[in-house]
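Note that the chains are named A, B and C in the order they appear, and that numbering of residues resets to 1 at the start of each chain.
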Amino acid sequence: MTKNPYLPYPARIDDVAVETEDGNIKTFRIVFENERDRATWRHTPGQFAMLSIAGKGEIPIGIASSPTEEGFVLFTVNRAGVVTTALHQIEKGTRIGIRGPLGNGFPVDGAMRGKNILIIAGGFAFTTLRATLIYLLAHRANYGKITVVYGARTPGMLLYKDEFKAWQGLDGLDLNVTIDREAPGWSGLVGFVPTITERVAPSPENAAALICGPPIMIKFTMPPLEKIGWQDDQVYLSLENRMKCGLGVCGHCNVGPVYVCKNGPVFTREQVKKLPIEF
Amino acid sequence: MSDTNAKITEEIRAKARELLSSGEIAAFLGFTSGSLPMTTRPFVAKRPGDADKLIWNSFCVMNLANYLPALLESLEPPRGPKDPPPAGPLPKVGVVATGCCSRNIVVQMQERQVDRSRLVILGVSSRGMVDRKKVMAAAEGREPLKVEEGGHTLKVSGRDYELEIDRWSAVRDNCLTCAHNNPVISDYLIGPVSNRDVKDRFAQIEAIEAMPANARWKWFTDEIASCIRCYACRNACPLCYCPTCFVDDSRPQWVGKSTEPADTALFHILRAFHCAGRCTDCGACESACPMGIKMRLFTRKLSKDAFNLFGAEAGLDPQAQPPLATYRPDDPEEFLIVEEKK
Amino acid sequence: MNILRLDINGLLDCLSSWAGGQELYGPVKDGWRRISRDGLEAVVSIPPGAPKAPIKTFFLAQPETLFTFSARHGDDDAWIPTPPKEAPNRRVLFGVRPCDARSIALNSMPYRDDPYYQARMDKTAVVGLSCNETCSTCFCKSVGGSPYGTEGLDILLTKADGGFIAEVLTSKGEGLLEKGTGTPAGDGDMARLKALRDAAQAGTSDTQALSASFKAKNLMQLYNARLWQGLSEPCLNCGACTFLCPTCYCFDIQDEVVRQAGRRIRYWDSCMFPLFTLHASGHNPRGEKIKRVRNRFMHKLKYFTERFGALSCVGCGRCIRECPVNIDIREVIRDLLSVE
């Protein structure tokens, strides 16, 4: 045993950006304090890490930055429980802890390679898909056409607005950003993610889909995809459950025989269908 | 099984069968036999045929009132959180209730946890339930493989031994000092009614109160030292129905989670105070405790205080207000008067 | 493997040396107690069956300090985790029943890479006492164990002919015995041991039979079986079964800060509690009691078995004896095996 997997690396909050109009979602840029930790950190899009706040505890958060973005790690955090609330209150420069990377991640260098990629996300769930999209764009030649359907309730609730602007018009990238209802000043798409997905009708031919969002969105997005021929083994979902150790031991995140933290969080829809609905 | 228990069992089965067959109730809550001597299981009969599994003996130690709110809710037609309550009468539940269990139903009525009109109560006068830990102690570490109840004796036998003990010597501590063994509310009375005259209701508590403070603290910390924080006491208690218990609250977190002595002490002290003026001394907490902690003495102390300060006994009158939920101008207030420092 | 014969004085000499040289623990009444040199008599006669307190308490400390930190703002080392410096003391667990010893071996599978668990394992020697007599709640044989099982042990003692036959199973076990302890076991002792083992195993099927049966069962059919409703109805959803179970190993992690001295601890948790799976959003994947009861048994009998090849149950019978409403895992096993 060379390393204690429970010890977080010391890190500092280098920058904080408020993402949404309600102020409940912020993106934290985190830098390692020890050069050695920075140098050995390797992650895959879709993986997560445990963020530690002194005296408050740890929380699993999906990694929002791509491994191709070097020198820092990004986390986009929704304020919900004890630790995320504490995180939202702390200032730039504060020391925190980071433990990871944990979980499996999307098969960006496996099953997804050489394929057309469909990314579907709702609301705050775009975070690890941001990591994925940046990774795909950085290795553009390895993938075919990339189609993105991303929706939020209002324009103000969309994440990474500036980056979406920069991605607009990139070759081979079809961006479909939508909001639930008409809003003043919004000239883009309007409608729920399933509706827009049906309209975009991405071909399942040599393709893989990554879908992250509220369960209700996933539930209604699947029928239009199935109608045009998408198979369950082409669809990747990222599950969330309460987690404590992140190592597949403590038992909190088990869904039947699998541990979301270790065997997941990414599963194909085919795998998920064989599990009890305990997520 | 003693003759009395056999008769009560038969009557419970017959009544449950009748109520289920006629459709008056949708479920009947009673006890069925366990897999080991001196064990029983709370059991929900839903078909008339299930009634034959119901039993009655001196080991029916769990408080069935504890199961009522969830059981009643499970029988309601499913509805969303914002849907209005269904029109018309809701399905009823039959339940066996001894004195303490019936008093807990009264407390639940006072606290709006159950609707009396949905209950059909089969009252049974309790002869005092037997503490299986006391029987085990009498067997001196030898495993009891069979325990037979006679009228006033328990015949215990195991590998290479047999002994007969006086039933009353193995009755639970709470039953020994119980003055309300007959049901306070019921729709049908099953079996004989017996009245008990108990003179030393709080003798166990007075003995502890008489200890010097440091000895009392030592008694308390020794008593809870083996606690594993499994919460069997809390979960067996019909008074404990908060959606989020104070020990589980994380914002703020009131109590530490492991078995550090201070955390364990805080849990037991707060739990006892939470039951003040509401506890019927049913003893389910102690019977449920796998570690043999006598936490009933903590709640009993508060029952004594409620009785002495407010003349209140929990669960006797559905119309009465619980003592800590009401105010009377003549409420004692000595605790408010602080002597000035000289 | 070395096999010795020890008389009672030989055993007392060993116990005395362990109690002096390191920490000696043994089952006294219902718990595990530190045994001093003056208290050796307490452990030489141990009642049949496993004591109430589970052996896991020696490996999964309650609580385990994962690390400490300063929570003082402005401290240079604020929030730098410091792992505990003190290694656990060397200790001998004496009188461990083969079921409990087997739980140590089973828990070592999920905790294979766990530094805290392994540090405690390294410092602990386990001396077992086989079960010439069992309790009515014992069922080790049906879940792959034996009253004379050696898994997880360094030495196994078997009472025979007024003394003990000691099977020294590991080098740690060898290290426990001073030179000249006991006498080499004779052919009669070996025959005696074999006869006891054979007799215990007589009439039982293959020890792997039950785990094979569960592996062969369809997971979702077990999950959707009708029995869970009736089984969960009386359950109080307390943690008595999980906390007393030697193979329930789930934990929670939390930070504690007292006067700006912080520590992160891990402590026993139970899948019986609603909080175990509650999301910060309020959503709870196992919000209903039936799901939690089902998870406990499915984990022991199916999920763990699929992952590690053996049931996460050693048949000690603690949960049967101590469940306030007498939920009996033997009945659950029987009923699940009949699910088609």
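Simple rule for what comes next: contacts are C-beta pairs under 8 Å (C-beta built on N, C-alpha and C of every residue); 3 or more make two chains touch, one makes a residue touch a chain.
A quick note: this is a predicted structure, and the numbers were derived from the prediction, not measured.
What chain sits nearest the middle when you go by CA atom centres?
Taking the mean of all protein C-alpha atoms as reference, the closest chain is C.
So which one's got more C-beta contacts, A-B or B-C?
Between the two chain pairs, B-C has more contacting C-beta pairs.
Please report how many Å separate the Cα centroid of chain A from that of chain C, as a whole number.
39
Could you grab the centroid distance between chain A and chain B? Build each centroid from C-alpha atoms only and quote it in angstrom.
50
With chain centres taken as the means of their Cα atoms, state the distance from chain B to chain C in Å.
Comparing mean C-alpha positions, chain C is 32 Å from chain B.
Of all residues in chain A, which are in touch with two or more distinct other chains?
Where chain A meets two or more other chains at a single residue, that happens at 81.
Where does chain C touch two or more other chains at once, residue-wise?
Counting only residues that touch two or more other chains, chain C contributes 252, 254, 256.
Going through chain B residue by residue, note those that touch at least 2 other chains and give them in order.
Not one residue of chain B touches more than one other chain, so the list is empty.
Help me check something: in the complex, which residues belonging to chain B touch chain A?
The touching residues are 250-251.
Chain A touches which residues of chain C in the complex?
Going by the criterion above, the answer is residues 66-67, 69, 71, 78-81, 83, 110-111, 113-116, 118, 219-220, 223, 249-257, 262, 264, 266, 269, 271, 276-281, 285-286, 291, 295, 298-299, 302-303, 306-307.
In the complex, go through chain A and note every residue touching chain B.
Per the touch definition, chain A meets chain B at residues 81-82.
Could you pull out which chain C residues touch chain B in their complex?
30-31, 47-49, 52, 62-63, 133, 135-137, 230, 233-234, 236-240, 242-244, 252, 254, 256, 265, 267-268, 270, 273-275, 320-322, 324-328, 330-331
Chain C touches which residues of chain B in the complex?
Listed in rising order, the residues of chain B that touch chain C are 34-36, 39-44, 62, 66-67, 141, 143, 145, 159, 226, 228-232, 234-236, 248, 256-260, 287-292.
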